[in-house]
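All remarks here apply to the structure that follows.
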Amino acid sequence: MKEMKLFLGPQHPGMHGNASVHMFVDGDIIKRSYLLPGMLYRGFEKQMERKLWVNNIALIPRVCVPEPDINEMAFASGAEKLLKLEIPERAHWIRMIILEFARISAHLMAYGGLGGPTGNYTLMYHAHADRNNILDIFEKITGARVYHQYIVIGGVRQDLPKGIEKDMHTFLDSLESRLKEYRDLGIDNASIIKRIKDTIMLPAEVVWELGVTGIGMRSAVNKAYDIRKVAPYARYDQVEFEVPVSDYSDARSRLDIKIKEVQQSINIIRQCLEKMPEGPVRVKPARGQSMRWTVPKGHVYSMVESSRGEFGYYMVSNGGTHPYRVGVRGASYPQGLLGIEKYLPGTRIDDAALWVDTMGICSPEIDR
Amino acid sequence: MKSTKFTPVPLTKAETDKKWWEIGDFFRRNSLWLLMYCTGCCAIELPPAMTSAYDMERLGMGPMATPRQADILLVSGYLSLKTLRRLIYTYEQMSEPRYVVALGSCPINGGIYHDSHAVINQLDQYIPVDVYVAGCMPNTEAVMNGFVDLMDQIKHKRANGWKKYHENYSWYKANQITSLGEVDVHDEFHE
Amino acid sequence: MNSMNNIERVKEIVEKVAKVRKFEQIDKFQIAFEIEKNDVHQTLSALKLAGWKQLSYLSAIDWIETSKFELVYVLFNWDEALYIQIRAMIEREAAEMNSIISIFPGAKYYEREAHEFFGINFPGNPDYHKQLILENWDDIPPLRKDFDPSVYSDRKFPKREYSVDYSVKDPENKSFEKIKEREKRALSLRTGGQKK
Amino acid sequence: MNENNKYPKSSIFRPLRHIKYIFKKPVTHPLETIFTKKNADYLKGVKVMKSSKAKISNPRTAPDNLRGFHINDWEKCIGCGTCGEICPTAAITMVERHDLPKVAGKLQQRPVIDYGRCCFCGLCVDTCTTESLKMTKEYIYADSNPDSFQLMPTETWQDQEVEQAYVKNEDTDLLDLERVEMEHIEGSERINSYIEVVRGYSKEYARLEAARCVECGVCTASCPVQMHIPMYIKTIWEDDIEGGLRQIYETNPLPGVCGRVCTHNCETACAIAVRGEAIAIRWLKRYIIDSAPDDMYKKIFTEPVSEVIDAKVAIAGSGPSSLSAAYYLRGLGYKVDVFEEKSRAGGVASFGAPQYRIPDYAVEKDINFIKSIGVNIHTNTKIGSDITFEDLEKKYDAVFLGTGFFKGRVLNIPGADHPDIMGAMDFLPLTRDFARGTLKLEDMNVKPSVVVVGGGDVAFDVARNCIRIQLQKYGKANVLLTSLETLDILPGSDDEYIEGKEEGIKFRLGYGPQEVVVEDGKIKGLKVWKCTRVFDEEGRFNPSFDQSQEEIFEAEQVFFSVGQAPDYSYIPESLKDKVKIERGKIKADEAGKVEGLDWLYVGGDIFRGPDIITAVSDGHRAAVAIDDYLYNKAKKKEQSEYFKEVREAIRFNNPEPALKPKRKRTLI
Amino acid sequence: MIVNILVGIGIALFGFALQTSIGGINRKIVGRLQKRHGPRWYQEFIDIFKLLSKRGISHGWIYDFGVIMALGGIIATAMFMPLTVDIVAFKQFDNFFIFVYLLAVGMLGMAMSASGSGNPWASIGVMRALTTMLAYEVPFLIVALTIINVSDSSSLTAIQAFQQTAGNNWFIIALPLGGLVGVLSLMGMLGKKPFETYIAPAEIASGPMVEYGGKQLGMLFILHEISVFIEVSLFVHLFLGGASNIFIFLIKYFTVYTVVNLISNVNGRFKIDQVVKFFYKWPLLLAIIQAFIAIYLGWVI
């Protein structure tokens, strides 16, 4: 049979975000494929150069929509490195809480996303119901459900509201008790295991070839390659947590790690709430009004462990009020572009959506 | 007892059409299917709206997989040029009557990307829009209220964007060409 | 795990194969080398052999004032937790850099992107000239500093002119116009705006 | 490793357990917490919502710091436009609102927000200078008309009272409300000398201070000459001293003087001062002048513009208004002669203000520049005696009078005719000469204990001078300052009060002098009554006293600083009836043209008063008026483009009457 | 004869109304499973009428004709469906094989039409649909044949009557293995997960339906509702002892559909090869064992 052209996306329920996977299939087997990015291209790096250091905080969360806080963190900590700015201790801990909630939220979304390709919508509904609670907590802390604009250069924008700890504990307890249900409905569900076991493999060699990071890497190389452990930022060196790993990376093991990471994040947030000191939460990076804040000359690569892997900002300042150049390394760049080109072929079209889902591909951060 | 004899008033064709149209409108506004085209960031507020937390199925709404089946084209946020090409394509594929709901600031006047070289500023230059929802991003409640606004518009026969598209087709096309250069997609895949 | 020895070791490795123009330690986990364009490949290979197996980032910076592009390669070694920036200047005119996909296959798309956004050619990368993110682009590569997106945007995408006018104007009071005129005049007195 | 071991056993039955959720309560938000009233009514109509629920329907109340739609308190808002400046999306534009009153410290404009741009980042709130812009808990707004997304925030949202949500607090505030510390000499040290008290900013500090400015321009209208304040502050921040100098000389030919002793209404009007300490505008101006080397002055006029027009103007007096008139007339192309009775030019800057505020070199720097562009200053030339007024009228095409108030006034109370009693303006020139060394310590008639009557800056000048002289003369100081006004309405500036207190002035405020007690030809003290009220209900000066609270402030000498007087003796008899004088001031039109005399112009204290910078504005206006009068009559020479531009700029920058800001007391 | 036809049309309409209502109620139940409320119970009606009120797009006459043919075929099938032992339009024509045959007409019509749309996803969907059909039909037929063998008749009325007379001995209990195969096949027929492969919105964008919109989609919905009615009724009659009156039928119908739907909603879907493998593995084996047990050993509980 002749090769048939198929495209998954941009408007396609199986596609996460606005991108398109073009596939040439023979029967059900994909013979050749590539990702067509750029549907979400906004000229982000150019836009950042044109905005002040201070009002870049309005722009940066938009790089990655499901997990906006990592952008704020990477940008803010990069600028702090250039400024050689010490931020208040409490701010570090609040940042960690925010980042871990964001991680849980992103994992829940990705895990619930499993419901799309495998058809188990109940899983998706449950995951989103829980995720909505996180959004509500975020709204209470930061004043917005999705684009928090909370982690800023010099700390966090404002202190946690009173009584939020109780909300957090309530949510964490209820989520923790439901993790088993998520497993039952998802990766331990016999009908779904058929879809995710031994498919969509990511061997260790491929990891190194592509430069995949995050869960993809950890599930294949069996080592705790997590920036939070390897090169800790904020106060990750002062909390205890495990990095779940595996040496056999199929869709199932990656999802398994996701759920385990949710548990670890819950632990981290609990420790943060316990260990968090009182005190100020923000220092101003410079004197003067914010539009005249400048950042000293220099280059810095600032990285954060996102739910999908190493997320980095390459930031260059020429000493002015605007960044000179900001480059964004989307965590899903390697697997999203080269991965789909090289390693999606050979799987079946049923797997394509699942491939995109379990590899953790976030199209806005590829396009920017 | 006075007998009331039923005398049918003959309706003209236009009136009949109008009656039918009203009946159709009733069904249409109570069963709006969305086309989930995640054009931009505001799409992230749709999962809560569709799923358990806000459950828009209560309003008879639901997501649909393909443009042919959908009634509402949901433009969720900014539109890059590449997306706009596909969006116009998608819009033209939808069966009529079709409605467009634009979420967020970006489709109104460019939003935070107003000076970007890759994002258009006004959606209504390219396709007609029936309801705009303000916010960046709009909260789920705002999105839901926007949908009900659309239903209200349909009820009052004001959601006529799709007719406008026919009437001013050349104007829309001209705008599309000005901004996009070429509306059709040409790449390796579409040859 | 990440001692000074480690940094010394990297320095040795790099200095063996390349002429280091500038070394910089950014923080505990990050160092930077500025080297010559021609030494980049050897340096990257040497570092890859030494354990810096991951190419985290590749991109360019447009230094329009000195008419150069600066290429940046960020490598990471997960076992030793040290990011290394390798930076090299290339000419801005007809910018060209041999591809590194033979060393890091993952660089393929980074290079394509750099080509698209800066116009740097990467011989050795089979697809570098194909359009990736942009579609039907009709201007200079957008991340170059001499490209002004707002001009492009104004030209192509009309801005909305709202019909609601909230202003209450006083036809006789031209104070706002006057203030603007005065500011214009004063701006021209700046050193930059001086005639001659 | 068998990878199956790491997972719990899979099952096809366990998922079925989830069917239990059929019997549990859904987590869905009830409809009545989602929809607005209007939409709930619609939903009631299509049977989605029960009518009992629709009645109470109201969207979920947002948390306390939600970044919702904006409201703006118009009472508080000063129209500074900082919100629009910082807006990352250029969503906020300022629109003219001429229906608002024109008052100092406020601009007649208000922000309009384009919700087709707004990204709800809240930076506008964070940076608002007045805390007037706030965000609310409202987050629902949809419409089918895109035009309805540009909204002007007022106190209400969609005509409804709404709860505010995101407001700024200390953490989120993006302004720098604290002034960069200015170095000055300590009180105990400075009273021993006449060294300038305020040392001036270093480059680093000046840049930090300049970085606080938000470039709103609220200050400009309060400046009598409407200097380009935000712009020259920006030049400091960008380290472009030359540009700043040029911008300053556009509107003010005496920046060195004004940078030290200006009344700085601009700082009172400053937007930052609404909640914090104003930008140190005066000192920043001084920084530019201090750091501009002499050769940089040559770049202010890149071409000589003098004597292009064949007409001559005489200027009587060399005070601020005269120098200003001279400078602008010169810039406009006229030949200018300045006649000064004293030995130095500068008027009040050289003889009124004390040396520790404005040293001679600073005055000279300004005057030298004015001289360098070709203004002839004839010192020691008194009009009336050295040159007659008729001569001026004959020889010159126009005459400008800026002779100032240079006579001290003394209260008309018993005992006030004692020779040891002096008016401030008689005393202060002597102190200047003393500080210069032209007068010796013995010449200074200052007794060991002194009472100064008056509450203005001049009174402080007198008191602080007395302290310095007493210390040198007697080794200790004893100065008491008394005024009608209590501290809350004291006319003198806060700085003077603080510094005076540091230097050891004693204060007894709120007393009205009734008699100078003289015994045996020597002053014993000043008898005062408690002042119960200074101004009457209508706000006129009309003090009343409580006789029962009588006190005597013991002192050997009394200085009166209760006002100054002009000396019009030089005006010839022939003109006396044409020049109308009211309350000591010459009546003239807005620009200073004396009514009925086309060629005679006045400015400064004798026309409008009350301070240096207003005098400078008088000079500018008069210069433009003189130009109007002479330009068409005079024979013109060929003009260069540059000259045209300069002339245009001078005429264009002709200042409007300044708005007087309401003073904010920070002392109490 | 006319009366019969009218009754038949009545049954078809009733079937449509019944299934649409029960579908709506099931959406509410599934909603609860998913921690939410779900739509109004009559939402499905509104959906269908809305679709019919919209303008369709034609992709050629095969596309249009296929839908009409499919709908006609399925209505025709429904007309033969007995509701209870007594309510049946054409007494002699309620043979099991008529349904199997006529259902195929509907399916083929849809396949024809979908292929006519020219969308690759539709072709893939049609291929998958036919493959799935092939997969579940074999075990189902074996079990059905066993039932026919046991009850000695291929008439649904007779099969019902057989079960009812034998002391309400339903075949799902009498032939437990066969009953299990029957449930699985029913899930396959209804396109419920895990056998939903041919619709699979997230993979192949609703498969055969990808190009349908407006009127055609409305007709497809009606077709779908009626075919569900046929399939569930078939199951009720074959395995659950049919119904002696309409209420029992309704209860059984509702129960079967709801149970299948609930099971479906906590499971994922298989890949197409897994579907085929699955049906050709356990259900087929069980069906054969059941047939062996029932026919050769005569062990019927």
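Note that the chains take the letters A, B, C, D and E in the order they are written out, and that residue 1 is the start of every chain.
Assume a residue touches a chain if its C-beta (ideal position, glycine included) is under 8 Å from a C-beta of that chain, and two chains touch if they have at least 3 such contacts.
Bear in mind that the values here come from a model prediction, so they are computed numbers and not experimental data.
The chains that touch both subunit C and subunit D are A, B.
Most remote from subunit A, judged by the distance between CA-atom centroids, is D. Each chain gets a centre from the mean of its Cα atoms; the one farthest from the centre of subunit B is D. Two chain pairs are in question, B-E and B-C; the one with more C-beta pairs in contact is B-E. Taking the mean of each chain's C-alpha atoms, the chain whose centre lies closest to the overall C-alpha mean is A.
For this pair, subunit D with subunit E, the centres built from the Cα atoms lie 86 Å apart. Subunit C and subunit E have Cα centroids lying 61 Å from one another. Averaged C-alpha coordinates give centres for subunit A and subunit D that are 52 Å from one another.
Distance from the subunit A centre to the subunit B centre is 31 Å, each centre being the mean of its Cα atoms. Contacts with at least two other chains are made by residues 31, 33-37, 40, 201-202, 205, 266-267 of subunit E. Within subunit A, the positions touching two or more other chains are listed as 5, 12-13, 38, 41, 43, 46-47, 50, 58-59, 122, 125-126, 129, 147, 185, 189, 191, 367. Of all residues in subunit B, those touching 2 or more other chains are 30, 51-55, 58-60, 65, 67, 82, 108-110, 112, 114-119, 122, 136, 139, 187, listed in ascending order.
Contact between chains, as defined at the top, is found for A-B, A-C, A-D, A-E, B-C, B-D, B-E, C-D, D-E. Remark: subunit D residues 12, 15-16, 18-19, 21-24, 26-28, 47-48 touch subunit E in the complex. Those residues of subunit B whose C-beta lies close enough to touch subunit A in the complex are 35-41, 43-45, 47-48, 51-54, 63, 65, 67, 78, 80, 82-83, 86, 90, 112-113, 115-119, 136-137, 139-140, 187-189.
Residues 29-30, 52-55, 58-60, 105, 108-112, 114-115, 122, 124, 129-136, 138-139, 141-142, 144-146, 148-149, 151-153, 155, 158-159 of subunit B touch subunit D in their complex.
Against subunit D, in their complex, subunit A makes its touches with residues 51-52, 54-59, 122, 129, 139-140, 142-144, 147, 149, 155, 157-159, 161, 181, 183-185, 187-191, 193, 246-248, 250, 252-253, 256, 280-282, 284, 286-292.
Against subunit A, in their complex, subunit E makes its touches with residues 30, 33-36, 120-121, 124, 193-194, 196-197, 200-205, 265-274.
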